[in-house]
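One structure, as structure tokens, below. Some questions next.
A, B, C and D are the chain letters, set down in written order, and residue numbers restart from 1 in every chain.
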């Protein structure tokens, strides 16, 4: 789950991490008020959207007086950035920057640990740095049983600074950011850039955080910050019913049990010349209610011309699956052709039960996919 | 450092540990007020002293009405228990006890860990249990990197209880008590007895804590609870000057560099028929100021008839030690005979410098001790 | 031989009195898995399908000499269950539970490794050595004894591949579902190594998917260390970036972890990649 | 041979720019200890008595291949210093610092052991292999090369015993001061085992004191595992219960940890106990 920069900065401040003074505004007038309250000449106006690259899109501007501020605020509010409409901007004191750095904590799959990533190349796209100059990125694998002791925080800080006073400042920031990361079950906590001001202070002038969806149950305050897009709402509503759903835009709706098989199914559709409308994993069991709910979800997509149901009968046997499907489709009226592929335990019995129904029954994934693609033509 | 039961219970309560309702009183009238406020029939009156065995000494009594309460409070206040005068009593609600248990966290030297100790033999002297029925004491060695996870707390609780509801109650108590132990740098956190009330609640009706003196610098609130005896004040004042001092009561004052050698010196005095007045380790260096301070301390003990100075010249050479001693004794006037034993680096030079002074100079510990003992006769 | 589990494995089922725990305990037992006990705090002395229940894993290990455990507890308690197993001396811990917070897995894994134990999962279907033992929720009926090792990040897709293998007369030595989360226990490298060293395994099917770079690392490892034939299938070629495809770990983030990259990595080291799951048997047969 | 340190030991001094660190670094260097570096955060590039200073132990290890460290930092920072050394790959960590909180030692020790390293101290004088290397604050002048191993909880009392050994022509293979705190690293058992296995050690002097039951455990260990002659001295027969005798660990608590019990334990297994430190050489000579 993503949150906005201004929300991340609030959390940062609660952990004693130094951030620039700023306030979030929803209108130009609010922005002017915030400007007056900040009581500084120069401010930065930043679009608050759940996507990167807002700078390149024109969503970040400096203003040196009220006229300029009004102009930028008006331009950024309502702006579209990668499909996100800007409804909030952050007005922050423009900090007098000496140098910029990159700091983040992320989960590393390979070491199965949290890692601290640091670079002197701050303010830039870190993936670009990773590609072009990987030696400029320093990584520290964190042992969860000890976290970031002083020595390790110092060791990390020495990668960015030489002056011991700056090292001590940075070390405390790294320790607090780690505490925040762990205590909030984050999957990313990024400061880009972390800046050294001309007055010798180190502070975060941007803040990015994403959180582990599986852990939101124990972080109700963070969960309350969730702002799903329309598409995400559909996915979340599917999730609440026990499905995984992702909209893809093609014309063959898929219903599959298991995530891997669901991915393989949409890949096969493409391979056979069709276009998958979605990814839909209905999970382990195949009770009729679930099938009905899933079909409703598929049929709400007006692009769908054919539905491909691909079920591997494992613990739940194919004959049980077939009777579940039959029961479900007694309650669903649809003109859309349905291809069913049923394999696994008791597959013969299952397929026999589907004989004489309007379903197109197939034995293999290849056969089923071919049929589904043909039916779209 | 020790604290009183009522102070430990305050800390317990801050950590959410269930304790009986009680209040500390310094006068009989206060006790009556506390009795009224508790608003229960039966209360327990407990002496608050820095020593065990107060029950056997008559420092713990039940009272069922105000007359009884006044009688017990008056009797216990001012009572002497093992040399401690009772100036405070704790008036607590008498809990309706079903069963009593023993729980503590201590530092275990052998496993170099904190251990959780449990027994169904609560309310008794645990050392007695350890001697007579060691199988009735359960020990859990705590891995500091994980502390007491739920499973371990449950596992421990199952040693005392069978009912899962009681196990869950107890498990939480064990976890909170561990948190308290670690966060306060305790060396002992003991609940004896932990009781199961007839209403099915588990609570601490006694609480004992001692703290690691070396860690008090980071626990100012706890350090403020320190109530040294007169003897302890003398020891602490010595400590603040860089000495370790313990009063023993004999007539030969010792001044030694190093704790092990100081112990060996007092043992030797006894072995040779004398009685050591004290243990005094003046630590590494032997600068004159330190020697002067140490001599003042020794001479303040009116029993001291002879002083035995036993110095091993290691990093600080014997000739430097000798000149330090000479300088110190230019400033100290005393009639008490002084035996000096000086060994180690440059011992010949050192001893030569002490020739012709009023000091009795010896070469070995045996010789020095013999002389000192002879001089007391 | 097989890897990780066989007839001698002594299994304890953590959360055996729960709905899933009880159901799958019976399934495993019916298959012949040597289940020696189950745990459920406060229910010691009970029996589930004639399997004795203990309060703690330590009690179960002491009484039954269990060396393997399978976890069916709800996600909020999975970390504690994994650590309990490791602390009690269990050598192989298989966590079926889905939706475990990632940092819980990080912490539990670190502890398990310190205790010298092994973890499979969480969010996995477990593993099976056909004809010997099944630990998890695998549909046993589709497996046959044989000599192909299977490693997979997925559940039903594994069954799809295994079904095809069995149909083609290629039984399995051991099949392991490593789990679909970003952080899980044993992974390609360790399992490839075990299969390489297992005399009863003569070929390996590896089923990967989008997200992370474990497949790329596996390709490099195969190039350097694996002599037995390997065939691969990668799911998720059509997955859009930034979207989680069911499994928490199946997500293309910052443009990396794509199926194309993974397929290219295997092909670059001469490991054939199937276009469809059904091609795996032929790809392996051609090289055995 | 000697135990733990010799001419090849590569030492880094943690806290080398402090008063004690600098003073004793020079002393150790003068004795011939192979000091390869020191640490002091922010002072990298400086020299102390010609010894290069690094910001971190990891830097020092990378640049100098140090394998041993000695710690002179103040008590509040000792835990961090011990863990830093272990994390950087140091194999033997000697912590001289006095007054370290016990739970800090518990935590650091747990981490050090996990890293497979060894700890001596804290609150100890260090160790010396005469003529080869000295790591700590031992007065080198009183030691002589030889074949008696010395293990002690005390500082000056050790010197007293060593002085007597040297006077009687009995040099030392290695002398180790294990430290006077309740919780410290290497102790009797581990060191007895090392001396037993060291071909250059032919006898062992063990200097104990009141507090804890390590001496009782050592007696049992000697009975079962040590073939070389051992002589013992125990300090603190006159210590009153409940009073800390200088060392934080030298305290008789709840009536246990007395000198009488310890002496009895050794005598019960046939290990002679000296009444005075000066008797140790004779007790050993009589049995070699």
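By definition in this document, a contact is a pair of C-beta atoms (placed from the backbone, for glycine too) under 8 Å apart; a residue touches a chain by one contact, two chains touch by 3 or more.
These figures come from a predicted structure and were not determined experimentally.
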If you tally C-beta contacts across A-C and across B-C, the winner is A-C
Farthest chain from chain D by C-alpha centroid distance is chain A
In whole angstrom, the CA-centroid distance of chain C from chain D equals 48
The distance between the C-alpha centres of chain A and chain C, rounded to whole Å, is 26
For the pair chain A and chain B, the C-alpha centroid-to-centroid distance in angstrom is 57
In chain D, the residues touching two or more other chains are 111, 114
Residues of chain B that touch at least two other chains are 145-146
Among line, ring, star, complete and other, the chain contact graph is other
One finds touching chains in the pairs A-B, A-C, A-D, B-C, B-D
Chain D partner, complex, touching residues on chain A are 145-146, 149-152, 154-155, 158, 163-164, 167
Listed in rising order, the residues of chain B that touch chain D in the complex are 107, 109-110, 112-114, 127, 143-145, 182, 185, 187, 212-215, 217-218, 244, 246, 248, 256-264, 266-271, 276, 279, 281, 312-315, 343-345, 364-366
Chain B residues touching chain A in their complex are 145-146
So, in the complex, the side of chain D touching chain B is made of residues 27, 75-76, 99-107, 109-111, 114, 137-139, 141-142, 152-160, 163, 180, 182-184, 207, 209-210, 212-214, 217, 233, 235-240, 243-250, 254-256, 259, 275-278
Chain C residues touching chain B in their complex are 41-43, 55-58, 77, 80-81, 83-84, 87, 111
